[in-house]
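Both of the next two complexes hold chain A, though its partner changes from chain B to chain C.
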Partner chain A sequence: MALRLINRRPGRSGRIYLGLLPFLILIGLYAAGSAIRLAANPDDKLLPGLLTMADAVQRVAFTADRRTGEVLLWVDTAASLTRLAMGLAVATAFGLVIGVANGILPYVRAGLSPLVAVISMVPPMALLPVLFIVFGLGELSKVVLIVIGIAPFLMRDLQARVEELPREQLIKAQTLGASSWQIVLRVVLPQMLPRLIDSVRLSLGAAWLFLISAEAIAAENGLGYRIFLVRRYLAMDVILPYVVWITFLAFTFDLALRALNRRVFPWLEAGKGA
Partner chain B sequence: MTRVMVKNVWKEYNGAVVLERVNLDIVPHSFVSIVGPSGCGKSTFLRMLLSQETPSRGSITLDGQPLPPEPTEERGVVFQRYSVFPHMTALDNVAFGLEVAQAPLLGRLFWRKRKVALEESRQVLEAVGLKGAYDKYPSQMSGGMQQRLAIAQALIKRPKVLLLDEPFGALDPGIRSDIQQLMLRLFEETGMTVFMVTHDLREAFHLGTRLIAFDRYRTRPEEIGVYGATITFDLLLDRANSRSRGKAMEELENKMAEVCA
Partner chain C sequence: MTNFLKQIATAAAALALAIGLASPVQAAEKKEFKIAWTIYAGWMPWAYAQQAGIVKKWADKYGISVTLVQINDYIESINQYTAGKFDGVTITNMDALTIPAAGGVDTTVVLVGDYSNGNDGIVLKTGKTLSDIKGQKVNLVELSVSHYLLARALGTVNLSEKDIKTVNTSDADIVAAANSADVTAAVAWNPQLSDIKSVPGRTLVFDSTKTPGEILDLTAVNTQTLKDNPALGKALAGAWFETLALMHKDDEAGKAARTEMAKLSGTDLTNYDAQLKTTYLYTEPAAALAYTRSPDLIKTMDLIRSFSFDHGLLGEGAKTKDAVGIAFPGGKTLGNAENIKMRFDDTFEKLAAEGKL
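After this line comes the complex of A and B, so read on.
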């Protein structure tokens, strides 16, 4: 008897093949489209051939710029990642401290929770002009945009996670003589760290969005700056590899954070398979 | 040796009476089994003993002292679930009570002090039958082992009163009777007073030295909320005389037909 569709599963190699297939199809479609357009007009800029793109990659990623003596892609990557890391670090610290305080201390929650709820509704991009005016066009305004963009989400998420902790655990800790501080330090925080890493993972996409936007509007280097700069020359052969590179970076961070969670917090996974 | 006195305790939620006129005088070293239909305030009563909730009226005293308004070390607890910390190994779960007592700032001991605390924790774990599971996380343990761990964790603080909220309700019968034997032994060894809420009458009679039942005496629908549940059955159990216990159990089983909520 034929199995129901919902019970049919691909094997390991089948999964890999099926996962790769859409990528191959997309690349194939692009190559075909590009070939058709280039056949009609060899100077077409919209869909540059894969070889043209390889040339561009060679130029921006492996050749020193004639004017500055630096390799553009690496300079841009370093600048962007520095901003992203600073923004994420500050936002994570805020998220953890305020999220946990809101979750565990009723008095802090009563005072701060409404404020956080309102702030998280402000569209961060609408604040960007304000940030440029207040903090200038330098690094600070870009970092602050990332912080404002994702810190409220992290705070609210962490608060919800703390409130989800079984009441029994907190009662038990009290019957064992733990003070509020000790409960935070030894019961709440250790259980929140993996959740925090998860939340940071989920907000990576937003962080990149704010980073690229800020760089597009005012910067002297950075991945977002570059793609918006070369847009003026319709340099799709540079833009597309940059987009692929950004995607690759974001994807790698996501994987790395997930691996970190599994490695550092063995109690999360322990026994799940049993 | 601890004497627990409950004087005319009432508990109301939003104007609805849940418990009323609860009076008890519990002599030191009692094992009090608390039974009754669901929703009759058994767990509410236990939570009041724990200071997780406060009585609306009346008072509860421990050796003449009124209960503090929050949970404290003199009253240990084992819940049906979530009693242990999932992010700590069995050994750390037990040592937690010792560590927070000696390290107010970090809640964690180091070097020699930690070694001493861990040694004591190992002994308690061994006493509840968890020798060899020291480094396991709760998620790697069976339900019975987790409850043993929760008991060990509470015992290391040497509480005057141990509160058990359906501690063995989720366990398989074989494991359950093992852990009941363990509980009896620990009760005799420690001299503490135990309150245990249970659904299982057999368990209540088997373990208890005293049995109380909460039930409603007014059961018409319009009377719920106006009249609460109270103690309808209070019996001193004689461990030696199993015949009288059997009779009392039958009588109680017949009486407690209705459901509360």
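After this line comes the complex of A and C, so read on.
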């Protein structure tokens, strides 16, 4: 039995090596491609060398910009994270309230659930011209795009989770004399909050996508703004480090939410093993 | 071990080549050429020439094959050309300098097609004159010819970019953006410009008729490719001037050609004719040749490179605006003569003007 493939496990260091290997291969491929292009044309912008990119990082992350006197990467990061945090907070709040209401209250579900299902199918990017006219071109329309993009998913997901709750739990709480409100507070919410955070983790990718798109279309700063601006002159030496930075931020968010979930709602993990 | 590493490096390089990460332009004599074009009033002749077989006729004459490939996104078409996926591209003079040339891809302008003669403009919602722009937020595609026009316009009323705030806005969305209440000023090009300015209460306070000959729309090809294959330049010039002569006529054939061009750019003849009014096409080869040889072109490129350098468009490696050299007919140059990456070549316009194609 021990020799079957499904039972053979790498050790701790083996896991680390195996995990790192694909990254090393990708970096190697990049370096090779870049070296070939740079040998043919030393000014090539498409695949800049790693040193050129280090220079660009030095410039955008640690030196004040010539024209504005600001350090671009931090200004962009602050602007983008503010928008992202606002969008996620609003979407999460909507998701929680409407998701739980849809899941537990049949009258609300009858009224709202079809609407949420339809709205969740509207591609948010197609609504952009409408958003501009209704919410203007400022910060609001960017936050709204994120909310429209991910709130319906959170609502539907949470509704489904609430409906999955064992009927026995609800009946038991009722026999103990709990009101609807008490059931929401003591039975539904404690089980839903950790799942909501899990759904938010899954929506992070989409949230970033909408953020970057909104910033590409009209903005004065932000990570997406910078990428689409310097794309104008093919400054891949700036774009690639920005992409790495965005990936790192998103990855950190994901880890942080997972840690938060474990810490604040330890019962979820405990329940998973059972 | 080093041997092993070397083998890995070789394998990685081979793989990178295979998946297309690295494909530097391999210059040599060849027979098939691809030119990328995008929809714009001054470039629609290419679309028509391709469709009506004019390109094929001229390519056949010189024993080569030329395909015009439409790309939906203008910047993407330039990036693809710069990456070596195309032999040539339709491009403005500023973008030719800041993208391929600044990226080390030696580029030769074979045809000066037209200049914007009102195709680019600044529209204000509040205020009737250009000076009223002071203190406003201006929506535009940053670092584009719109940005250049704005900088030029501000200079004419003793303002600078410090007196305004620019908001980068995608050209695809600028018409919708202009309808939003918090947008008060916009810079755009046609056809978007005509949509934006047509709303009552808005004023066109500056346009490119005040900077004639500065925003040029060109057809450019890779210098090495052209050097190895002068037939490409001849075929392009032949097809181009035949198409221009055809569309310029006010007879049935000319109208039919323009109608087709209008259709290919998604509009109708009336609208396309209106766009042509603000586009100064060098219909006569002699006129194109005269401008390519004129000292005004050098002045224009000096303005363009100053703007580009001030906005960091020549790359961070550029310490002065002279970093990227530009060559003109008659051996004249601007900037570093050791690093010429953009060339205006009058050879093919001259052949066309003399009827020797």
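We adopt the following convention: the second predicted complex is superposed on the first by the 268 of 274 C-alpha atoms of A that agree within 3 Å, B and C clash if a C-alpha of one lies under 4 Å from a C-alpha of the other, contacts with A are read in each partner's own complex, and residues count from 1 in each chain.
Simple rule for what comes next: a residue touches a chain if its C-beta (ideal position, glycine included) is under 8 Å from a C-beta of that chain, and two chains touch if they have at least 3 such contacts.
Remember, it's a predicted structure, so these values are computed and weren't measured experimentally.
Of the two partner chains placed by superposition, only chain C is touched by A:Arg231; chain B is not. Once chain A of one complex is fitted onto chain A of the other, the partner contacts of A:Leu50 are absent, as it touches neither chain B nor chain C. Comparing chain B with chain C, more residues of chain A are touched by C.
Look at A:Val108: by the touch rule set out above, it reaches neither chain B nor chain C. In the overlay built on the shared chain, the residue A:Leu127 is in contact with neither chain B nor chain C. In the superposed model, A:Ile119 lies in contact with neither chain B nor chain C. In the superposition on chain A, A:Asn41 contacts chain C only, with no contact to chain B. Considering their complex, residues 166, 168-169, 171-179, 181-182, 185-187, 190-191, 265-267, 270-272, 274 of chain A touch chain B. Listed in rising order, the residues of chain C touching chain A in the complex are 8-9, 12-13, 15-17, 19, 21-22, 24-25, 75, 78-79, 82-83, 98-99, 102-105, 139, 141-144, 165-170, 172-173, 176-177, 179-183, 312-313, 315-317, 341. Across the complex, chain C is touched by residues 25, 28-37, 39-47, 55-56, 59, 66, 128-129, 132-133, 136-138, 216-220, 225, 228-229, 231-235 of chain A.
Across the complex, chain A is touched by residues 50, 52, 70-73, 75-77, 79, 81-88, 96-97, 99-101, 104-108, 137-141, 150, 153-154, 157, 159 of chain B.
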